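Next up is a structure, given as structure tokens.
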Amino acid sequence: MELLTILLLVAAILQTRVSNLRLAINIILVQSVFVALACAIIGFQTNETHIYIAALLTAIIKVGLIPYALYRVLPYLHEEREKRARREIVSANLSTFMALLAIILAYGMLSPKFPGVAVAYALPASISLVLIGLVFIMTRSQAVMQIIGLITMENGLYLLGLSMTQGLPLIIEMGIFFDVLVAVVVLVILTYRLKLSFMSTDTSLLKKLKG
Amino acid sequence: MLIEQLYLVSLGLFILGSCSPMFTKGSAKATNYLAHGLATLGCVVTIVLAISVLLTGNHTVAFSLGAPIGLIKARIDYLAAYFLLAFGIVGVAASVYAIGYSREYYIHRLALMAALYNAFLLSIALVLTISQVLAFVIVWELMTVVSFCLVNHEYEKTGNTSAAYLYILMTHIGTAFIGIAFLLLATAANTLDFELLKTGALTGMLRNVVFLCALIGFGTKAGVIPLHIWLPEAHPAAPSHVSAMMSGIMIKTAIYGMSRFFLEFLGAGPEWWGQLVLILAIISSVFGVLYALMEHDLKRLLAYHSVENIGIILLGVGAGMVFMSKGLPVLAALAWAAGLYHVFNHAVFKSLLFLGSGAVLYATHTKDIEHLGGLIKKMPYTALFFLIGAAAISALPPLNGFVSEWLTFQALFFLPQAVGGLVGKLWSVILIALLGLTGALAGACFVKAFGVTFLAKPRSKKAEQATEVPGTMLVAMGFLSLVCVAAGVWPQWMLAILQKVLSSYAGIAAASLFQNSDWYAIAFQAQQAGGVLAMPVVVIMVIIGFGVAVVFARLAGSPKKDAGETWTCGIIPNARMEYTATGFAEPIRRAFGRVLNPVDVVIADKSRNPYHGVKITIHVHITHYISELMYRPVSNGLYTFANYLRKIQAGSLQLYIGYIMAVTVIVLIIGTRW
Amino acid sequence: MSIALLAVQTIIIILLAPFIQGVIKNTKGRLQSRRGPRYLQPYYDFLKLLRKDSVISPTVSWIFHFAPYIYFATAIAAAALVPTVFTFSGLKFDNLFVLVYLFALGRFFLAAASLDAGSSFGGMGGSREMFISVLVEPPLMLALFTVAFRANSTNLSVMATTAAASTVSFSAVLAAVAFLIITIAETGRIPVDNPDTHLELTMIHEGMVLEYSGRPVGLIFWASTIKQAVFILLLVNLFVPWNITGIAPVLTALWMLLKVLIVAVLLACIETSTNKMRLFRVPGLMAAAGVFSLLALIAQ
Amino acid sequence: MQELIILALVLPIVTGLLSLLQSKSGPLRAINLLGSGTTSAVLLLIIYRTTQDGNFSSEFLYVDHLSAVMLFVVALLTFTATLFSLSYMEQEVHDGIISELMLSWYYALLNLFSFAMISVLVVGNLGLMWVAVEGTTLASALLVAFYFNRDALEAAWKYVMICTVGICLALLGTMILYYAQVSTGGADQPLNWLALKSMAPRLDASIIKIAFVFILIGYGTKAGLAPMHTWLPDAHSQAPSPVSGLLSGALLSCALYVLVRNLIIVQGAIGTQFTQYVLLGMGMLSIVIAIPFVLVQHDVKRLLAYSSVEHMGIITLGLGVGTPLAVYAALLHIVNHAVAKSSLFYMAGVISQKYKTKSIRKIHGIASVMPLLATLFVIGILAITGSPPFSIFISKFMIIWAMFEHHYWLLGAITLLLLTGIFAGMMRYCLKMSFGAAHREVHRSKIAPSAMTAIVLSIAIIIIGGFYLPPLVNNVLLRAAEIVLGG
């Protein structure tokens, strides 16, 4: 379990260094696999059925459907990659550094606040995942990368729920999964349309509406 | 019971008038007669109501509107009745006048205008009677909104919409201040009822805040300099009978509000309240009249005179407040009576003048007096009535303006009793000298306005083709002229009413103020201070003098009168040789150059002849320091700042998410450190 | 009774007013080393003017005809309320504001009439007359109030009584000087205005009434002398304190006449010894009068 | 009751599906008019039943007076929006901006959006509420992007990204709340609002405080509170006008509703001091930030959008003051704002359709082209800026009054003066557009009756509400205020 959290964080950090979209999707897929595994392990530890179902849902939606949707949009986006040249917001090193900073922040500050959580050691990891996701959205301008950031955040939140209270009630859990799925689908549609309209999915072009 | 019925009937008539255009099936004539007839009726009923209240005492009409406004009380006390009386008199005249004047608007949304006009009258009547905070603010703003629509009625004309914008913006800001003042009082007294507002215990500092907010709020509506900038824009833009109501009555509702605050809700305050009012008042009166003198748009000129006269009213009010704070109740009564009497007088003669200028506008379709002239022959009655108004506003005896200015002078004269030592005397005498200056300037201004508009030869085709206006308009103006004379020659009646009005407030002792008055003379006595004025005697003196002059003139028989052209050094005079309004005011413009900062721009058209130009155009204008130094920098600064702040919405998604993170962190830190 | 006395006194002031003008003109003539006009010349002028035909411009309206009468009427009313030998508070109108505003009433109509004929000269005269009146107003108020504050009343009779009882002081001298300047300005004398000029562009009062001829000129002329007399009387009764009281009214009247004549001579002297100011220097002069009055108030 | 609620949830879905199946414009309009009319009727029936029978709660559903207030907003706005859409969208098709096919998609999405909003209001579980709120974002995202031009895509992208990030924070907060509930021993009724409310005083204060921060930021983002409001002007200005009206009037209100539901529990747990200060601060910030954008603006719909930010600020202030009067007024203000703002968006839609631009600079003389609309527009702007005698003034005044009563008089005074800044900007542009000379190419024309009905209906409510609140409405509001205050 601890190994899993470490792997999750490593995946997240790895994510910050990647500029190839396909690779990035692969990494998020791997990350989601880890989350599903973590879910299953917690289910094993606590012996609650609904956590198993949740793990299954994670596997289906986050490992299956979402990457599938992302892959679907990829062919339209060939030649697109996170540009590291002029328009970069922060360099790869800096974004890695920020991710590390988020991890340190999470581990250093937040863990003592919650006594008596179910799986205490996963808590800071999940918080750092949320933070890394946020950092990701803020520092990447590629549409797909921002979606990935969002999924990372979602993963972190999910893990958080798992570790704190062994997951939310199932119906809510299902609702959340459904929302995430729809969100990604909507975003993928938008990405596709962006590509059509702007000839690019670089969101840093989206600066016309101001004031 | 009677009072309640009268009240409801008058409101009902206004409401009916407001709705009446709906029933006339688009017939302009029917709309005109029905709506304005109902308005006239409503005003007549209001006069009856006011008089019966003044005879029988205070009345409260309460009716419940349920949530969200709650119980509404309309309290018609003496103060309200006094203002209602002025409202009724001016309203009758303006409504009758409107019947004739509205012919101009048969093709310009007459139905809308008539409906709005009735709504305007309704809102004023409500403002003067409602005595519940929330409802008051509502009807107060209703009055603003309705008059805003009327100002904007002729939106096709350039400048009217921006005038309306300035108007509604300024008054909205004013209303915000009024709201603050009311809410502070209301929360202190824990009630919304006017009658109980004075019971709230406020700390000294909060009382000062209430005072300042009320002063700013109502001062904006009244047009006190430096809050006056909307007034000369908005009043001319409205149809003339509406201008008359706005200038005559609407800005007086601000004085009504001030009276409520300074007499009833706050009572006597520190001395500096009154002194501040005096300072603002004298600035308003001097600068108001100076700016008026520089105008040659007839209605703008009159609008600036409203600023001046509000200043004169506030001189009385301010002096009254000083006397109140110093515990001189009788003198306070004198000063308040002066201010409030000028309220009535100004209402009458200013609306008379606006109606007169409306008649000129009706006949010639221009407000620019440089294009007028010679109207006295085409429109003799209008000229006469305008002259009476002009004489009244210039405080010439025996008209009403003189009496209230006399009272104001007297009040200021006794100011040293409240402010001791040399300072008091100097302050008093400076105020008096400046008020005298104001009077003289007003005289000069109305010589200009009357002379250039009505006398000599017409300066344009429009003025040549003018004809006398319809009878209803003349009747209205004649009525107001009569009131001007009556209130000037026999002011005792009105002063007796004012004595009643003022006697119910703490810190004021009005009961014995005018007890020495005769049937022909007003006399007041406050300890050693006293004064007396017999207007009929003055009239008789002037009449005797006139008789003597006639006798002298007839002494030597009747010599021949030959007709001969005006002397212009031997050439045949024409209208272009006449002295213009700009020329008439030029010496004063130059003498007061320090404060007016006149600017002349001479443009010589040398296109056809390079040596001596063919046509020379001179643009003459003055600098309005208040708008130049106060409003323009503020508005420019505000817009610059706004433009600067707009950078926070830069369009970058990353930045936006950054905001969310930042605020999360900040609130988290605050939360954990709490 | 008091009304009769008032009437008599007023009639005497009215009748004597041209005489004062005659004294001034005569003195001026003498000072200028010529034989001035007779003392009674103004009366002859008046009578002559009444008989003259007038030329009336077709441009004018009733205002033009009406103005001289109202001007004359206000002058007479003013003469009735100026405190002289007898003071009457019984009629309750002898207030200084009434006085000031009566003059304003006459001036208002005359200035309006100046615009009526439609000539540039009249307009110019009217404009300048109103300009001067604007400038005069504040120092006039200031000067009158130095006395009014002492009397604690704005009733002219009370003020005159107080002034009669007071002694010479620095303050009184300052106030008197201020009022003298105001008198010069109000009565249209050099250095503010030149009553004898015949150049249209320099005239103020005369320019204003340029279009009048015949009888109205006579009325305006007399009214102006009455106004002048009223101002001189105000000066001697309110600002020059050497009043003798407690003797027979006739003697008081004679003493007062003497004082008036002295002031008249003084005015003639001033008029001879100085020249007319530029119009836009007048504000400075009036400011001086104002400062004198303020100093007088401070020195009280 | 349960059946009614389920009916209200099912009806929009059915209508949406039917719309998808229908491609002819006539039947499409009929279906939607009928569908939204019935839905609104059902919602009003629910409200009525609530006033008569009191609260209704089942395992997942919960309706009380507070939800009734919001249900009224949603019922009214979905109805007027549909009504307005009928003619507005047809004109869009007529102008060739969208295709016939898109029209059925539009109605389907609109109904989905209504469904999402209704579900926010009828569920009694904070977790499900979160799901529904996120659902509203997703349902409306495609509506925002509906024109699929560059601006619309940009707006939609930002809308989804920002709101999803925000809503993730809200989920975090909800999880923490759940954790607090679990650790107090309430795991058997997870995130059930009633259960949480009854056990609120026993919850761990320090945890709840952190939960509150995340919930506030999260739902605050959705409610358009500054500085998380950045998506709002983009989305509101780019969406089709009926949707803008719904977004501004109904969606923001729904987000606030969820915030209030959470707030009730938080205040039960940690008292009112911290929450009130944070709410007051955020309310003030929202008002302040809106001012420069209202003062200097080039797009009529953005102008209205910033005004929404300001109004959310005012409502938050009312919640922050937290006296019965303030909360009552805040709830009333939600209703008033929703009605007025939606009608203004509709009018802005008509205007921009007529002038073929949203740029304020290019719009003049509406009064001479569409006199009635210009009148209503001026009335609407006067109302939205809080001028009497319109209902928004009443609620605004009450909120400020409550501030004075609660010894925040300085804050109240500043608010009043700040609001004049908004007034200055709104009025300036309103007059600039309404009056003056119109373009040559813009001809005087009539407005479709259905659009006019929608607008007039809203304006009439605003005017009547300024003088009179039916006792029924008043009672609902009073009871709702009690609920907000923990009663």
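Should a chain be cited, it is by its letter among A, B, C and D, assigned in written order, with residues numbered from 1 in that chain.
We adopt the following convention: a contact is a pair of C-beta atoms (placed from the backbone, for glycine too) under 8 Å apart; a residue touches a chain by one contact, two chains touch by 3 or more.
Since the model is a prediction, treat every value here as computed from it, not as a measurement.
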Other chains in touch with both chain A and chain B: D
Centrality ranking, top chain (CA atoms only): B
Comparison of A-D and B-D (more C-beta pairs in contact): B-D
Reference chain B; chain at largest CA-centroid distance: A
Rounded Å distance, chain C centre to chain D centre (Cα mean): 78
Distance from chain D to chain B - Cα centre to Cα centre, in angstrom: 44
Gap in Å, rounded to a whole number, between the CA centres of chain C and chain A: 99
CA centroid of chain A to CA centroid of chain D, Å: 30
Multi-partner residues of chain D (each touching 2 or more other chains): 157-158, 161, 165, 206, 210, 233, 293, 296
Residues of chain A whose C-beta touches two or more other chains: 134, 137, 146, 203, 206, 208-209, 211
Overlap residues in chain C, where contacts from two or more other chains coincide: none
In contact (per the touch rule at the top): chain pairs: A-B, A-D, B-C, B-D
Of all residues in chain D, those that touch chain B in their complex: 157-158, 161-162, 165-166, 169, 206, 209-210, 212-214, 216-217, 221, 227-228, 230-231, 233, 274, 278, 289, 291-293, 295-296, 332, 367, 382, 385, 387-389, 391, 393-395, 397-398, 400-401, 404-405, 409, 412-413, 416-417, 419-421, 423-424, 427-428, 431-432, 435-437, 466-469, 471, 474
Interface residues, chain D side, partner chain A - complex: 60, 125, 127-128, 130-131, 134-135, 137-138, 141-142, 145, 148-151, 153-158, 160-161, 164-165, 168, 171-172, 175-176, 178-179, 182-183, 187, 190-191, 206-207, 210, 233-234, 237-238, 293, 296-298, 302
Contact set on chain B toward chain C in their complex: 373-374, 376-377, 383, 387, 391, 394-397, 402, 405-406, 409-410, 413, 416, 422, 425-426, 428-429, 432-434, 436-437, 439-441, 443-444, 446-448, 450-452, 454-457, 518, 520-521, 523, 528-535, 537-538, 541-546, 548-550, 552-553, 555-557, 559-568, 573, 575, 577-580, 583-588, 590-591
Residues on chain A engaged by chain D in the complex (per definition of touch): 113-114, 116-117, 130, 134, 137, 143, 146, 150, 153-154, 157, 160-161, 164-165, 168-169, 171-172, 175-176, 178-179, 182-183, 186-187, 189-190, 193-194, 197-198, 203, 206, 208-209, 211
Sites on chain C touched by chain B in the complex: 14, 47, 50-59, 61-63, 68-70, 72-77, 80-81, 89, 91-93, 95, 97-98, 100-102, 104-105, 107-108, 111-112, 114-124, 126-128, 130-131, 133-142, 145, 148-149, 152-155, 210-211, 214-215, 218-219, 222, 279-280, 283, 290, 294, 297-298, 300
